[in-house]
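Okay, got some structures for you below.
Next, two complexes with subunit A in common: one pairs it with subunit B, the other with subunit C.
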Partner chain A sequence: MAAHVVRKADLKKFINAVKKKNTFLGPVSRKGDVTLAVVGLDDELVLSYSNFKLPPKTLLFPKNELISTYDDNGMVEVLPSEGEVVIFGIRPCDVLSLLHLDKVFLDEEFVDPYYQERRRNAVVVALACTEPMKTCYCTSVGGSPAGEEGADVLAFDLQDALLFEGCSEKGRAFMKTYADYLQKPTKADLASRNKISSEAPKKITPINVTGLTDKLEEHFESSLWEESAQPCLGCGVCTFTCPTCHCFGLHDEQYGQRGIRMRVHESCMFPSYSLEASGHNPRNANWERMRHRIMHKFHSTVRNFGDIFCVGCGRCIANCPVNLDIRETVAEVLHE
Partner chain B sequence: MDRIEQRIREAVKDLFHKDRVDLVIGFREGSLPLKSRPVFVRSEDMADDLVWNAFCRGNLAVYLPKLFPPQPQRDEDKKPYPKIGLVAKGCDARSIIGLIKEHQVHRDNVVIIGTPCLGMVDKEKVEAVMDGDAAAQCTEGENGIFHITGISGTKKSVPGEEIFADSCLECPCPLPEEADVQIEGESRKPAAKKYEQVETFEARSSEERWQYFVDEIATCIRCYACRQACPNCYCNVCFTDQTKPRWNGPGDDLSDLMLFHIGRIFHQAGRCVECDACVHACPMGIDLRLFTRKLGRDVEELFEYVPGRPEEQPPLCVFRMDDNQDFITEP
Partner chain C sequence: MSNVVVNPYLPKPVIVEKIYIENEAKDLKTFRLSFCNEEDKSSFHYLCGQFAMLSVPGAGESPIGIASSPLDPDYLEFTVKRYPTGVVTTALHGMEEGSRIGVRGPFGNCFPLDEMEGRNVVIIGGGFAMTTLRSTIRYMLNDQNRGRFKNITVVYGARSPGELLYKNELKEWEDRDDMDTYITVDKGDENWKGRVGFVPTVLRQVAPSSENATVLVCGPPIMLKFTMLPLLELGFKPESIITSLERRMSCGIGKCGRCAVGSEYVCKNGPVFSYQRISELSEKLL
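Moving on to the complex of A and B:
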């Protein structure tokens, strides 16, 4: 289905129609921030955000997830039961991160049933960026402010209207379902859409990642790691706000003869992450953990999955309490 | 400001020259607007990296305990402890004093470079002033007026008092005490110690207070930035990370979040110097200041103790016949 528009005045009608059939998540105001959340009756969509504070991974891979229960009779798997969810407003960089997560959780050999169930039920309606932030560098790591890769539908905010383009079978089917609410775009609509996709990338300051994977391998023992990680406080802001970080731990809670098993996000920046039962920790120092994080994004995942697991969203840069900047670390490695 | 920066650099060069320090921790220019960041200066020629401006938030004393590991954990060759200089605002100095009292830092090995502070800019207050247009540039002009330019071109000029962090507006002691090297310059006036915010909170019903606490911490992502940014949180293994036994679940279940936060806040009672490094570090904007100050106020009232002053001993270290015992209640 080709591009279609919904005038802003008719947006509520369209959303209400979607909400009748599916859970609808969109950008809404919560405690002074624009958050991706289930759009309630009193909620207005807020479109004036650069990106969400937290990445969308938690929608498919929750921070705290009940995966099974057990008692004397054995173990029962608990699969998600949320049904079809329409997620509107994810930025193209974050959509790309979902493709990376797919490689981890939907690997041919080891499919993760919890992730798979949520992923299958998700219709991703991405929203192209018009005003990239100072911390954005998606164009350097395979993305684009108006990139459609991975999205089911790509939307553009044209001030007076939203323009939708179906990008996948699922997305085109979604648009067909709501065809009654969609109109043909005018020439002016298409012109402003093209303006966004051509102008936005120009506002991004690119970084260089050419040859980075080999360089990382070469300079694993370099002293730069210890130096550049000196200010690191060892918190988990970078990993928990990263859209591609996907490590988790399993945690059992026992109540007498029964119990539950949970899957909980973990961070390689915490010493407990790599602590072994013997008491030995192979990544005992902060700088070793930081090196591991950078290596995982730009080296291991390239070797294992063929992709840099960084989408250039800039969250780790913007949120680091001591302003450690991954762009600078990358540049330092390349400069070695 | 520029002159203070120059004086810091000269003082640091002098310290290296006289072999009084092996390392100086200060601030250098950040990679983003509104941010300066910690830097570890290890030689005289690195001293020119040091900056001083209204974006030097965060408490540098946080790095000290790691540099003074207790005996059993030290290297086998037992190198002497390093001599460390620290570019200290009033709050950093209060933390250093606290760490010395708690025997985490050796007084003789620390050179407090006392730096007068006029207040540090709160990024979130700037965001509010800019009406959502992210700051692309922020410079301090004459008479403490800050000129801010947004990404979309909005220009605003505001006095520092409108965008300084609450911890600075309510700072009891912006000029560091116990400085070994004092940098000359103007510092802000100490605020008369007031607990207005805490009192307003206390006046609310217990249901309302509980709801506020729950609403605030419900957004916590358990990144522990608050703990890691705090000079007082130097425990080798935090109670919330212990697994044998596990005191607290690791996820974002509300009861687990509460246990962590209540534990963290209580461990700060009578120790927190109200620098708000935790508030600054929190990516979710949780109002940690209110809760920590509430306990700080209780300790001040019950034991007449204010942390961060050199001459006073912490209440748990001293016994007085007239110690307040109101908190002991019949079971």
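Moving on to the complex of A and C:
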């Protein structure tokens, strides 16, 4: 289905129609931030955000997730039962992160049933960026402000309208379902769509990652790691806000004779993450953990999946309490 | 995407049939487990060197090497060291026979037994890292398998006589004339009449031929480190020196990220690695 538009005045009708059939998540105002959340009756969509503070991974791989329950009779799996969820407003960089997570969680040898169930039920309606942030560098790591890769539908905010393009079979089917609410775009609509896709990338300051994977291997023992990690507090905000970080732990909660098993996000920046029962910790120092985090994103995942597991969203830069900047670390490695 | 997915996070229920205290310090116990369900038993196919997650509801899960042989009928065995700070190992050690726990797996790769066919095999173990090596020795000594391998040499050491694992089996191995077994302790006691000396030293004395030979070596990091030099001096090629790594794990299936060593996941790409592969990793392990 080719590009179609919904005038802003008709947006509520369209959303209500979607909400009748599916859970609908979109950008709404919560506690002073624009957050991706279930759109309530009184919610207005807020389209003035650059990106969400937290990455969308939590929609498919929640921070805390019940995976099974147990009692004297054994353990029973608890699979997600949310049904089809339409997610509107994910930025193209974050959409790419979902493709990276797919490689981990939908790996043929061991499919993760929890992720798979949510992924299968998710319709991703991405929203192209018009105003990238100073911390953005998606164009250097395989993305683009108006990139459609991984999206089911790609939307453009044309000020007076939203323009939708079906990018996958699932996305085209979604648009067909709601064809009654969609109109053919005018020439002006298409012109303004094209302006976004051509102008937005120019607002991004690119970084250089050429040869980075080999350089990282070469300079694993370099003193730069200890030096550049010196200010790091080991708070882990870079990993929790990273759209591709997917480390987790499994934790049991016991209530008398029964209990639950939870999957909980973890961070390789925490010493306890790799600490073994014997007391041995293969990544004992903070700088070793930071090196591991960078190596994982720009080396290990390239070797294992052929992809840099960084989408250039800039969250680790924007949220770091001591202003560590992954772009600088990358540049230091390349200059070594 | 298919609808039918085997949930790799769901442990299979097992009964703790027998518990054997292995050492004087009583912090090493072997747990003999049997599956509660016939279909779980028949679908659990494992190879020497693989591990499984032992799942104790309420405490959590730990990755433990499988110590029984794939040819042992009806049961699985795991030898577990209890650490005071180890939640799962402490819970396991507190269990009684007849308790019910869970097993997830088998996971990881295995020792290259197919490639070892027709070759001499040297097995070097230290302390309680003897578990998957014991699985391998039991497997190779099985009547249907012994002929597939040439000379089998075992060098096994522990801190003290009381810390040697599988004492009855060690005796059997020493008595067999189709293998050479060298047991050693770092420090003897008044009853110990056997060898005294560190594993690398004994290895030098035994000096097994590297001709057409593969060596499987498992032990604490410090022992591994000091065993590599004599092995290389004896002429063993880095690709014929095989070891097994351990790391903290949550999932066992290459997702949770914990066990990463360089670009490898110990759970999925290992736990068995050749010395060759380990030397290639950016992270210096040995």
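Going forward, the second predicted complex is superposed on the first by the 336 of 336 C-alpha atoms of A that agree within 3 Å, B and C clash if a C-alpha of one lies under 4 Å from a C-alpha of the other, contacts with A are read in each partner's own complex, and residues count from 1 in each chain.
Quick note on the criterion: contacts are C-beta pairs under 8 Å (C-beta built on N, C-alpha and C of every residue); 3 or more make two chains touch, one makes a residue touch a chain.
Quick caveat, the model's predicted, so the values are computed rather than measured.
> Looking at the superposed three-chain arrangement on subunit A, would you call subunit B and subunit C a clash or a fit?
Subunit B and subunit C fit side by side in the superposed model.
> Is A:317 contacted by the first partner subunit B, the second partner subunit C, both or neither?
Only subunit B is touched by A:317; subunit C is not.
> Considering only touches as defined above, state whether A:251 meets subunit B (first), subunit C (second), both or neither.
In the superposition, A:251 contacts both subunit B and subunit C.
> Under the stated touch criterion, which partner chain does A:51 make contact with: subunit B (first), subunit C (second), both, or neither?
neither
> Measure off the angle at the C-alpha centre of subunit A toward the C-alpha centres of subunit B and subunit C in the combined model, and quote it in steps of 10°.
90
> Once chain A of both complexes is superposed, is A:282 in touch with subunit B (first), subunit C (second), both, or neither?
It touches subunit C, and subunit B stays clear.
> Quick check for you: in the superposed arrangement, does A:230 touch first (subunit B), second (subunit C), both or neither?
first
> By the touch definition at the top of the document, which applies to A:77: first (subunit B), second (subunit C), both, or neither?
Second partner only, subunit C.
> Between subunit B (first) and subunit C (second), which, if any, makes contact with A:325: first, second, both or neither?
first
> Rounded to the nearest angstrom, what is the minimum C-alpha distance from subunit B to subunit C in the superposition?
6
> Is there a shared patch on subunit A that both subunit B and subunit C touch, and which residues make it up?
249, 251
> Which bits of subunit A are touching subunit B when the two form their complex?
31-33, 48, 50, 53-54, 63-64, 131, 133-135, 230-231, 233-237, 239-241, 249, 251, 253, 262, 264-265, 267, 270-272, 317-319, 321-325, 327-328
> Under the touch definition given earlier, write down the residues of subunit B that touch subunit A in their complex.
By the definition above, subunit B touches subunit A via 30-33, 35-40, 58, 62-63, 132, 134, 136, 151-152, 215, 219, 221-225, 227-229, 241, 243, 249-253, 277, 280-281, 283-285.
> Across the complex, what residues on subunit A touch subunit C?
So the residues of subunit A touching subunit C come out as 67-68, 70, 72, 74-75, 77, 104-107, 109-114, 116, 120, 216-217, 220-221, 246-252, 254, 259, 261, 263, 266, 268, 273-280, 282, 292, 295-296, 299-300, 303-304.
> Sort out for me which residues of subunit C touch subunit A in the complex.
So the residues of subunit C touching subunit A come out as 1, 5, 7-11, 13, 36, 55, 57-62, 81, 83, 85-89, 100, 102, 221, 246-248, 250-251, 253-258, 260-263, 268, 282-284.
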